[in-house]
Structure formats: structure tokens, C-alpha cells
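One chain, subunit A, links the two complexes that follow: it is found with subunit B in the first and with subunit C in the second.
Up next is the complex of A and B:
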């Protein structure tokens, strides 16, 4: 009997589906992360921890200016520093090159110690020609004067279409005048959301070692299976010659899909020196060039009826994606609830900051904040409950989720005790100088499962292993894979081993876009279901039963009537000496019953604001989130809590500060007052997460939730602050300075 | 980090022998929470680092004859928090609690905390400490609103120094020679640098603060209030410490008010103290003192909001000292 079943062209068995909620033993049940202990004890080896024998430490010189041309580079003094082994001027550091953002790495020094490498870096002499600098991304007029703008697109939709003979521009101008005239209430405002930067706890970087002609790279990456060929292409070898490893990663959030030129440099220097080379960005470099999220600012005018439902939207938004990259997409302003008449114009501003990278739900947090703060101000203007006005605007939902949102709003309001806490904007009780407020936001995301291949090995001794070239970003991927195997094979989670983190394993997609859990649960369910069917054939022969009459449950394989059975180990013993190996894949877009896409979420915040100091505290935050079928509620809730914490940081503390004179990213160096602000445990209040999983959603299968809960926090918190103060703090983060400025402006003092 | 020579002396005299008389050539290492970061960024590049954590005489908290407490320079902040001798000095413990970081509290020392280098983001990014246009023309949201008419526009960053100043603490300073011992009122230890390279204190490079000596409070009230944006170890945006003595009619007859995070030194406000004199200790007096404290403020282009925060800090420090509700978050 042929037990090997690795032929990908062979028709899989199927049909693949999840057990009903009532029939699960493992899926849908809380389980601690399998790697929780090694992580919490420090035993887990992250890329940063890799310390190979004879390893060189590489440190890179970052450009200290925001916009320059390199006039000359002299590394001779660096080469003479005791302990320095190799100095490499990178391509962008060569004479004549234009450098368009501070922090760009120019020269790498590899040395016997970090100290020697840093001293080498300090001895590199570069002459710069200073060029014009622009970083005022919130100032559209200044950007236009500096010729730093490009068109970001426009979109016009009206219920009344222009006639064949109409001049379109003239028609729309008149039509929008008419629409605003007909609106029962008109509101105008300016809003914004500053650029924030990736600040992964583990910075970007790699340790590279050549074993003959084969390269092994320990890379902090979200893309184990997709980075080997990127190294190969850059180094002139084949992907087969490269292994990328990443067992544990200290955060990626969309910024770690590539080797990056510094990872390639580490591999190149390793080749030249014949020694392993470690090159990790330092904290300053991580914040400056590790990726950022575009800023967005909007000038908007809306018209609405007396319920607050918008009938017309007219906006111009702008912002920066750094040097040469686009900013917030035209497609998300307005966001989710799009009035039937809308005109949106976008302008991109080219600034001297490093280019953006994907940041947890690209575009959506900005779109949500720039749109739903407007809806909340309409509620304030009407003196209406924001909840009712959001409910009215669900009629404008464009993603088909209006009913889901309505139901989620009810759940969230109950958990928040919204009705009891609500007061009209600025009309709440004042205790000393402290006022409280409520706000909400809602969001959408795709999250379709990415491609994933899993090889499952069932060993004759009963042990079970899976292999896949995926990565666990800390979200619990290992644990979820193990739960799927355990459920399918009738085992405990601790009975199976999940091997991931190597590009030599079967290909799995990059972990971006909330696609991982759908993909890996697809490939694991498929390979486990089919592997089990193979095992059933052997067991059926042994028991004198039909394979189709067998089930796996409770560590046994048995007939459905329970009269005949073998333990799992006895069953696997029938394999003889050869493991049963089954490889199954999921292709993107072929979800079947196991996965799908398209989720909705509603979030509510309750805050206190000190009117005398501008200090904001989040008291309670409620997140209601749909993600289809939930494999592990514990890690799922944890993922949502993490997103909320990031959102709280971006609402109140987090901000890239560019110096108006030099453009330098002033607060990149640390996390203290003059450093990059983040939320601490004491800042996040009581986070209440509700997994929204009625049968209508569960039956859609598994959908990722990494991004969606990170979208609404800024909106909910900004709206809560506006409700508390009766004054909009127009730009997030809402720092004390901004709160006090907004209050002074409202009082006519500024 | 530049290579350096490391020394770990075991006595105060050995420390003095290892210190250079040239500024910047040697640096003292205690908890290292500031120095190591500065060295890694090569903002500070000493030839020799002198670790003073092995000097036993610097590690004690002792009662002083006639009242008061002497705290060794390398006593850690959590040791101060836990020590019964400090119960009468809530201004100090308020400030240490505000640091909100077990790591900084257990590793940081009193001497290191009060003599830490400025947190100015221009300075920490490798630019000059004193203004050459980068501060006055740049983003100065966290910079000084007092004492900033010269080129020093940074703020003194110590969380505890304002409290020590209102409590009339003196620094025991030794060096350069073994026999040089002096007591310096802490407020006099700080200075506003007038030229680049000058330190933010008056100590010679080869002098050492061994102890901070606190006089007894004799029934007086004291407190610190910091305006902090978050609940973490971020530095406050403004702070104030007060010490008050009341007469038998419960009116203020002695007051000291020192603001933190608002000037290149701890900023003593005689105007706020004067406003309190003769007043009953109530919300009105606190409000008036707060207003008086900021009358002479000279904010820069981006930090006008700090004037209000400084005013609130003074008001709330007084209320806290009086045991009244501060009214804020």
C-alpha cells in the first residue's frame, strides 16, 4: 500500500469543512499559546538573540540630514579602528547620490564587537551638499508653494447624473451647491491624523552565515517563504541555496516583508569576510527607516437630514507617505458609510521622510478617523445621541454589512452601558476639572486566506508533526495550527508539533492583511482530514470495519457506534516503519467552507479629560469584532486587545515629530518624554473584547482579524473626547497641547 | 560607543583619584540609566568610566544628629521609597512614585537622577545643547518657559530635584583633594550654562556628590505634583514641589515653591511663595499662587501651553500638600 501522498496534482479527498459548534473539542476553545512559556522565560531565540560562533557585528551609519547629495566619503579612518574587519559603502552612500530622508543607511561597518563597529561608524567622514527640506505634511498651501504635491485622485458620485450635453465640471459645481442648499444641516470642518512610525519591539535586521555556497539567514520577517528568493536574486544564487529562518519575531505589523537592503548587505559582507554577520537596526534607525503610516488631513463639508444621516459629502484630503510615496487612498474617504452624493479629492505630499510601509490595515484607520469624526460632529451639532446618528448613517453602508453593524452596535452599547453614560456633547457632569465622554467608530476589512501548504507527518509511534513555511508573529499561529490538527485527528493540542519558521518548509504566504489564520487553518485542516482518511483505511482493515464508518476522537479511532476501536498509537503502529505524509494546499480565492473574507467591527470608548491640563485617560474600551469562525478565542481576544492598545497609543501619544527647520525626526531616539510616545499598561483602561460569532458569521469559516480592530480606536477616542469637552480636538494624537489649544480656540482665546 | 577604561573603586578617595580635572574625560557611572544611552549614541565619550556603585559609604540612608536624613548618592530610588526615614518627605516619594517604572526605580540612583543630562531632543540627536537657532526656530514644545533668555533653552529633567530644593537639601561634595569637603545648598548646585560644553551644575569634573542631606521638616507640609500625559515613565510636562509651614492660626508663614521641567535649572518661584504668605491653605490660595508662579513666564514659539501646565502644577502641589483634592486626573 502506498502511504506516501505528496502528489499535489492528485485530487484531494475532501469535502473540507469545520465541525459544527456543538461537535468541537478543541476548536472554539481557549488554549494558551504553545510558545508562551519559552517566550516568557526568555528561552525563545528571536533573530536579535542569534549569536553565532565567530560572528561579526555590523553597525550602519545613517544619514544625519533630511535631504542631501553625497559629495565625498572617506572610510579610511574607520578601517583603522581596532576591531573593525570590513567597511562597505552602500549604493546610496556613494558620491553623487541624492539622499532624501534622514536615517537612510550609507555605510556599514562590521567589527569584532558592537563597540568597535560604532567607533568605526563615528570615524567615517562624509561631506554633504545640503538640499531643500520639506516635512510640513499638514500644511497643504506650504506644500503647494514648495512644489511638493501630486494628485492623489478624485472621485465624484451623485444621484443626479450630468446630461449628455452638460459640461461635467459645471454640472457638479451646481449640483453640489444645490445639494448643500437642500440639506437640513450643513457642517464644515478640518480633521487630521498624524504620521506614526513602526516601532517593532524587535527592530528590523538579520544575521547571515554562509555554509559553503549555501546561505542561511536568520531574518526578523513576516515572510519566511517569500524572502529566500529575494536574497537569492540580490546575491546571484538560487532560492534553493538560501534558507531563511525566523522562529520568533518581535513584531512586524506590515513592515517586515522583505530582506531590506541592510539584510542583503549582511549576507554580502558575510560572504566577503567568510564570517557570520549580524546587522540589526538600532532603535533610532528602526523608527526612522523601519516604515511608517501615512498622515492624513482633510477639509470637509457635509450635508445631512435631521436624523444626522449624510446626504452629501465634499472633501479634499492630503498627507504624506514620505518620499515619493502616495498617502491616504481616495477609496477610504468617506469610509464605509458613503453618502449617495460625494466628491473626494486627494493630494499627496512628497516629504523628506523615509517611505511608508504597510501599517496594520493600510489606509483604513485614517479613512475611519477622517470620516466618522465628521459624523460625530454632525451629531453634536444636532444635539443628538451619536449612537442614533451612526445608526441612521448605516443606511449609507457600502459593504453590505449594515445589519451586522446594527447588531454589533447593540452588543457594544450594552457592554459599554452607553445609554446610561451618554450625555450630549459638552453637557456632562464636571468633577473638578475633569469631564467624561463617549464615542464610537466602526470599520471593515477583507482578511481572505492566503496561500498555504502544509505537510503533515503521522509517525508510526503516534507522534504528529506539521511543516509549513509560515511564521508566528506572536498572534498564536503555532497554537491555532495545532488546534486544527488536534480537532481533526481527535487528539490533544499537546500531542502535535507544528514546525514553521523556515523557507525550506512548504510555502506559506506572507503574514500581512490578516490572511494567515485563514490560510494555515485551511492547509492544516485539509492535510489532516486527508491524512486521517488514509489512516482509516488501515484501521478499517484491522478492525473489520468500513473506513467510512470510522471517526477519530478522544485519542482513539473507532467505529461510530463505539464498538470497535484502536488507540491512536495502535492505529499509527499499523503504518509499519514509514510515516504517513500528506501535503495539502490552499489557493487564494478558493475558500470553500473553511474560510472567507469581509469582516465588520464596532468599537466604543469612554474617556476622562482634564480640561486644565489637556490630559486624556481611556477608562473603558469596548471592541466587538466579527472574524467568522474563531479557532482560539483566547489568542483572538488577545490580538484584538493588542490592536486596541496600539490604537490608544496613536490616539493620544504616538506621533512622528519632524523639526520644522531641519526636517529631522526629533523623537525617534527613545520612548521617554522627548521620545516616541506609546501607551503603557496604566494608560489603556478596561478593554472589553466581544467576539461576534453568531452562526451566520461562524458558518463563513475562518477570517483573519489582525488588522480590523486597529482601525476604529482613533475615531472612537476622538469622538469620546469631543463628547466630553463639547469641542473637537481636530488632529490625533490628542496631546495636552492640542487639547488646550482646541479649548482656547473654542473660548475665543486663540 | 567609544572604547573606554573602566574603574570600580571602593572608597570615596579612590573615586577622586580616578577622576580627571578635564571635563568630559571621565564620567561617573551609578545606575547607568542615563549615561549608558548617552555613551551608546556617542553624545558622551569618556576615556574612563568610574563606577561608584562599589563605594559602601555612598549606599546608606542615615539619620543626622539633630534631625534630618542623609541619603547616599547611590541609594536607589526604590530604597528611598521603602525607607521609614523618608515618611516625612512626601514631596520626594511623590516624585519617585511618578516615575512609574520598576526598572528605573530599582536601577536609578538619587545622585544620578538629580544630575542627569538634559533630555532635549536636539541634544539627544547629537546637536548642541545650547541654542544656535535649532531650538528657538525649531520644535521647542518641551523646552523652557523660564530662564530661557540666553542660549540655554533646555529644561532640567530631574523629577526629584524640585522636591529636594523646597526641602532645603544640601549636597555633600568632596574633591578635588581628599580634604575638600563642602555642603552646598542643592539649588546652588545647578546653573544655567552660558557656553557649549559647560555642565548644568557647578561641580568640577573631579568633584563628587556623596550625599544629599535633608533637614528635619518639623511638622511642615510638602508635596510634589507632576503634570504627566500618561501613566508610564514619561517625563512630566511640568511639575512643582512645595514645602509649607503654618502658624498656629493655620496660615502660611513659610513657603518654598520650586518648579521642574520648565527651566534650565529647578525654578524657584518667590512670587508663588510670597502669594501664599499669610494665607489660609485653601483652594483660593493655591489658585493665586499658581497664577503668581507663571506671571514672569517667557514661553518660546511652541510651548505656550506649558505656562498653564506650570500654573496647574503649582496649584495642585499646594492642594496636595494641604491634603485637599487636586481636582484633576
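Up next is the complex of A and C:
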């Protein structure tokens, strides 16, 4: 009997579906993450932890200026430093090259120790021709004067269409004047959200080692299956000679999809020296070039009715994606709740910062903050409860989720005790100099499952393992895959092994855009369902039963009436000496019953603000999130809570500070008081996470949740501060200075 | 006072942390203790080193020979020579707390501690909390899912262990105040608090 089944052309068996909620033993239940103990005892090996025999340590020289042309490079002194083995001038560090942002790596020094490599870097002499610098991304007029702007697109939609004979521009000008005249309330304001960085704690980097003509790269990557080809292409070798490995990654957040030129450089230097080479960015380089998120600033005018429901939106927003990259997409300004009449114009600002990379939910956090702060200010102007005004604006939802949001708002309000805590903007009790406030925001995301292939091996001794070229970013991917196998095969999570982290395993998509859990749960469910069907055939013959009458549960395969059964191990023993191998794939867009896309979430914040010092504290935060069917509530909640904490940092502390004259990112080298401000443990109040999983959402199957909960925190917290103070702090992060400036400005006007 | 200051300066230059600490003690006492200073100076001069030197570090209960330069940090020595890669290089100035280890029971940043400065001291890394008899702190981190990517986790685990060694009955408020030396980017703080409280309660 042929048990091997690698024939991908053979019709998969199916139909593939999840068990009903009442019938699950493993999925939908809390499980400790399988790699928890190796991480918490320091045994987990990250890229940065790989120590190979004879390994060289490489350190790069980052450009110390924001915009220069390289006049000359002299590495002779560096080459003479004791312990230095190789000095590589990178392409962009060569004479005559223009460097458009600080931190760009110019020269790499590989040495016997980190100390020697650093000494080598310190001995490189480069002459620079200084060029004009611009980094004032919030200042549209200055950017226009400096000729640093380009059009970022526009979108106009009105209920009344221009007639055939109308001049369109003229029509819209008149129409918007009319719309604002007809509105019961008009509000104008300026809002903004500064650029932040990904700030992965494990910086970008790689260790490369050649074994003859074959290259192994230990890469800190979100894209195990997609980076081997990129290395091969850049190095002129064939992809089957390259293996990319990543067992553990210390943070990615959307910034680690490529080998990057420094990964390629590590491989090149490894080839030239015949020794393994490790090249990791340092903290300063990680923040300067390892990835950032576009800034966004907006001038906006809106009209609304007396309920606060917007009838017209007119905005111009700008910002930078760094050198050569655009502002926030016009598709998200306004965000989710889009009035029937809207005009959105965007302007890109080209600054001397490194180009942006995808940051959790690209465009959405900025769109949310630039739009829903406006809605909240309309509530403030009307003296209305923000909750009611958001509810009124759900009528403008463009994603078909109005009813879900309405229900989630009720859940969130109950968890926050919104009604009891609410007071109109600026009208709360003042305790000493401290005032409290409530705010909310809501968001959407796609999260469709990415392509994923899983090879499942059921061994004759009863052991079970899967292989896939995926990665676990800390979101619990390993554990989720194991839960799916265990649920399907009637085993415990600890009975199965999930092998990921090598490009030699079957292809699985990059982990970005909340696509992973859908993809890997698809491929695992399909492989396990079909693998089990094949095992059932053998067991049926042995038991004298019908294969269709068998079930796998509690570590046994048995007839549905329970009269005949084999233990899992006995059943696998029927395989003889050859493991049963089943490979199944999920293709994008072919979700079936296992996965889907499109989620909704509502978040609420309760804050205290000290009017004397400008210090904000988040007392309580509620996140209600839909993600379809939840496989592991424990890790799912952790990811949402983490997104909220990231949001607290970006709301209050975190910003890229550029020196106005030199353009340099001033706070990139440290996390100390003057450094890159992230929230610390004592800065975070209570966080309540509610997984929103009624049958209507669960029945849609699995959807990722990496992005969605990271969208609304800045909006909810900014709105809560506005509610506390009765004054909008227009730009996040709301640093103490910005809080005090906003209060002073409001007092001056009054 | 002037004399004492001169004394501390000269011993700092020699990377001899022991005599530096002794000197600091003399300053703190604000008394004219000339004799230790006189004794220490020639000793300090003899300790001036450059280039690679082999020293012995006592790590996790055992003596280990490592070859270091004066500029070699404890973190580099642990990670590159002893394969103890739990402590992580996140910030070179210690501001992330990711390289936290215990030296004579006290938490220090291995990234800002020179390897030569801790000879003769008991160094404990996160790895000492693992193995067959796994410590309650890493077990509590698993139970409460106090980790995501996990890169900051070893530093946090050691910091929690140090906090609870000092104050086994720490309250939630003391835990919130006592763990601000460490940074987590994934946002695991609330579960770290739960884990630490569970250790206090003996729940793991």
C-alpha cells in the first residue's frame, strides 16, 4: 500500500472546516506558548545569538550627516587596526555618491572582536561635501519654500454630481461652500501625528556562513520563505544554494521583510574572508535606518448636524515617508466613517530621513488619529457625549461594519464604565491640578490569510511533526499551529512538534498585515484533516469498521459509538516503517470556511492629566477586538495588550526628534530620559482586552490581529486628553510641553 | 577631601573596581584614611593592562577562563566566549535593561560593566534560572504569557528575580515602581506584573 502522498495534483479531500465551539478540545482554549520557557530562560537563540566557529564580528560606519556627497574614503588606517580582518566600502559609501539620510551604512569593518571592529570604524576617514538638509515634516510652508513637496493625490466625492456643462473645479468650489453653509455646525482644526520608528529590540542584521558554494544566513526576518531568493539574486548564486534560518526574531513590526543591503554585505564579506560574518545594526543605526512610520499633519474643516454626524469633510494633509516616499494615503483620511461629501488632498514632503517601512497597519493609525480626533472635537463643540457622536457617525461607515461597531461600543462602554465616568469636555472635577477624561476610537483591517504550505509527518511511533517556512514573531505562531494539529488529530498540544524558521521548509508567506495566523492555520488544518483521513483507512481495516465512522479524540481513534478503538500510537503503528506525509496548501483568496478577512475594533481610554506639569497617565484602557475565530485566546490577548502599550508610547512619549539645522535624529541612541521614549512598566495602567467572538464573527474563520489593535490607541488617548482638558493637544505624542502649550494657547484666546 | 578625590581618580584609571569602591568608602566616611590610598596606588599601577588578558570569571557557580581586553564588556565575554546569550545587547548605555545579570546578587547591566571589573565576584545570568530545577520567575512568565518576541525577556526575568530576592513580599505598586529599568517593545508589561505577583503569592 502506498502511504506516501506528495501528489499535489491529487484532489485534496476536504471539506475543510472548524469544529463548532462546543466541540473543540484545544482551539479556542488558553495554551501556554510552546517556546515560552526557552525564551524566559535565555535558551532561545536569536540571530544576534548565533556564534559560529571563527566568526568575524562586523560593525558598520553610519553616515553622520543627513545629506552629503562622498568626496573621498580612506580606510588604510582601519585596515591596520589590530584584529581587523576586512574593510568593505559599500556601494553608497563610494566616492561621488550622494547620501540622503543619516545613518546610511557606508563602510563595514569585519574583525576578530567587536572592540577591534569598532576601533576600525573609528579609523575610517571620509571627506563629505555637505548638501542642503530638510527634515521639518510638520511645516508645509517651509517644505514648499524648500521645494520639498510633491502632490500626494486627491479624492473628491459629493452627493450632488457636476452637470455635463459644469466646470468641475468651479462646481466643487461652490458645492463645498454650499455644504458648509447648510451644515448645522462647522468645525476647523489642525491635527498631527509624528513619525515614530519600529525600534526592534533585536536590531536588523544577519550572520552569514558559506559551506563551499552553499550559503546559510541566520537572518532576523519576518520573511523566512521569501528572503533566500533575494540573497541568491544579489549574490549571483542559485536560490537552492541558499538557506535562510530564523528560529526566533526579536521584533519586526513590519520592518524586516528583506535581506537588506547589510545582510548581503555580511554574505559578501563572508565569501571574501572565508569565515562566518555577523553584521547587526547598532541601536543608533536601528532607529535611523531600520524603519519608521510616515508622519501625518492635517488642516481640516468639517460640517455636521446637531447629532454630530458629519455631512461634509474637507482636508489637506501632508507628511513624510522619508527620502523619496509619500505621505499617508488619502484612502484613510477620513477614516472608516466617511461623510457623503468629502474632499481630501495630500502633499508629500521629501525629507532627509531614511525611507519608511511598513509599520503595524500601514496608514491606519495616522488616518484614525487625523480623522476621529476631529469627530471628538465636534462632540466637544456640541457639548455632547463622544460616545453618542461616534454612534451617530457609524451611519457613515464605509466598511459595512456599523452594526458590529455599535455592539462593540456597548461592550467597551460597559467594561470602561463609560456612563458613570463621562463628563462633557473640560467639565470634569479638578483634583488639585489633575483632571480626568474619556476618549474612544475605532478601526478596521483586512488580515486575509497569506499563502501557506504545511508538510505534516505522522510517524509510525505516533510522533507528529509539521514543517513550514514561516516564522514566529512572538505572536504565538508555533503554538497556534500545534493547537490546530492537536485539535484535528485528537491529541494534546505537547504531542506534536512544529518546525518553522527555515527557507528549506515548504513555503509560507511573510508575516505582515495580520496574514499569518489565517495562513498557517489553513495549511495545518488541511494537512491534518487529510492525513487523518488516510490513517482512518488503515484503522478501519484493522477494526473492521468504516473509515467514515471513525473519529480521533482523546489520544485514540475510535468508532463514533466508541465500541471499537485503537490508541493513537497503535493506529500509527499500522503505518509500518514509513511515515505518513501529507502536504497541503492555502492559496490567497481561497479562504473557504477556515479563514476570511475584514475586522472591526473599538478602544476606549481613561486618562489623568496634570494641568500644571502636562504629564498624562493612562489609568485604564479597554480594547474590544474582532478577529473571527480565536485559536489561542491567551496569546491573542497578549498581542492586543501589546499593541495598546505600543499605542500608549506613541501617544505620550515616542517621537523621532530631528535637529532643525542638521536634520539629525537626535534621540536615536538610547532609551534614557533624553533618548527614544518608550513606555515603561510603571507607565501603563490597567488594560482590559475583550475578544469579540459572537457566532456571527467566529463562523467567519480565522483572521489575524497583529495590526488592528495597534490602530486606535493614539486616537482614544488623544480624545481622552481633550475630554479631560477641554482643549485639544493637536499633535501626538502629547508631550508635557505640548500639553502645556495647548493649555497656554487656549488661555490666551480666552 | 582633595586627597581622597585624587585617590579615586587614580584607581578609576586602572579599572580596578575593588580598590575604587574601597576608595569611595573612604570618601563617604569623610575621614583622612591615608594608608589604604598609599597602599593601593602601587597595586593599582601594577594592574594597568592593555591588549588581551586571560581572566577568570565566576559565572553561575563555576569558574570560567575568558580572554578579554580592557574594553571588553561583561556582556561580550558572556555572549561570545561562554555561549551565555540570554543577556541581550539592546542598548550600549544600559538604558534598555536587556543585559541585566546579577553580580554578587545585585542587578547590573552587563553591557556597561567591564569584564575585568567583575573578577572574583559571583555572576549569575538568566541561564542559572533554567535547567532541571527551573526558577519560579521564568515559570511564571510562561504561565502568564509575559513575553512575545522574547528578546527583552531574559533581562526582565533577572530584574524580577532581583526585585523579589530583595523584597519577596513585593506589592503590585512596588513591582510597578521597581521594574522601570527594562524596556519591552512588544508590550508585555501587564503580564510581567501578573507573573511577578504570582511568584510573590507562591502560585507557581
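The working rule: the second predicted complex is superposed on the first by the 748 of 750 C-alpha atoms of A that agree within 3 Å, B and C clash if a C-alpha of one lies under 4 Å from a C-alpha of the other, contacts with A are read in each partner's own complex, and residues count from 1 in each chain.
Just so we're on the same page, a contact is a pair of C-beta atoms (placed from the backbone, for glycine too) under 8 Å apart; a residue touches a chain by one contact, two chains touch by 3 or more.
As the structure is a prediction and not an experimental result, all values here were calculated from the model.
J.: Looking at A:682, would you say it contacts subunit B, subunit C, both, or neither? Reply first, second, both or neither.
T.: Touch partners of A:682: subunit B and subunit C.
J.: If you stack the two complexes on chain A, which partner ends up touching A:42: first (subunit B), second (subunit C), both, or neither?
T.: The answer is second: A:42 touches subunit C but not subunit B.
J.: Touch test for A:664: subunit B only (first), subunit C only (second), both, or neither?
T.: Touch partner of A:664: subunit B, not subunit C.
J.: If we overlay the two complexes on their shared chain A, which of subunit B and subunit C does A:614 touch? Say first, second, both or neither.
T.: first
J.: Quick check for you: in the superposed arrangement, does A:395 touch first (subunit B), second (subunit C), both or neither?
T.: Touch status of A:395: no partner.
J.: With both complexes overlaid on chain A, does A:115 touch subunit B (first), subunit C (second), both or neither?
T.: In the superposition, A:115 touches subunit B and subunit C alike.
J.: Just to be sure I read the superposition right, which of the two partners does A:541 touch: subunit B = first, subunit C = second, or both, or neither?
T.: A:541 sits against neither subunit B nor subunit C.
J.: Using the touch definition from the top, say if A:177 reaches subunit B (first), subunit C (second), both or neither.
T.: A:177: touches no partner chain.
J.: Quick check on the output: what are the common subunit A residues between the subunit B footprint and the subunit C footprint?
T.: 114-115, 669-672, 675, 678-682.
J.: Subunit B touches which residues of subunit A in the complex?
T.: It is residues 64, 82, 114-116, 118-119, 122, 284, 431-434, 608-610, 612-615, 617, 652-653, 657-662, 664, 666-667, 669-675, 677-683, 735-737, 740-741 of subunit A that touch subunit B.
J.: Once bound in the complex, which stretches of subunit B touch subunit A?
T.: 1-3, 37, 40-42, 100, 119-122, 124-126, 133-134, 137-139, 141-142, 227-237, 305, 308-309, 312, 325-329
J.: Okay, in this complex, where on subunit A does subunit C touch?
T.: Residues 32-33, 35-37, 39-46, 48-49, 51, 57, 113-115, 199-202, 248-253, 282-283, 473-475, 634-635, 637-639, 641-646, 669-672, 675, 678-682, 684, 686-687.
J.: In the complex of these two chains, what residues of subunit C are touching subunit A?
T.: Of all residues in subunit C, those touching subunit A are 69, 71-72, 76, 79-80, 83-93, 95-96, 98, 125-127, 129-131, 134, 137-139, 141-143, 145-154, 157, 176-177, 179-180, 182-193.
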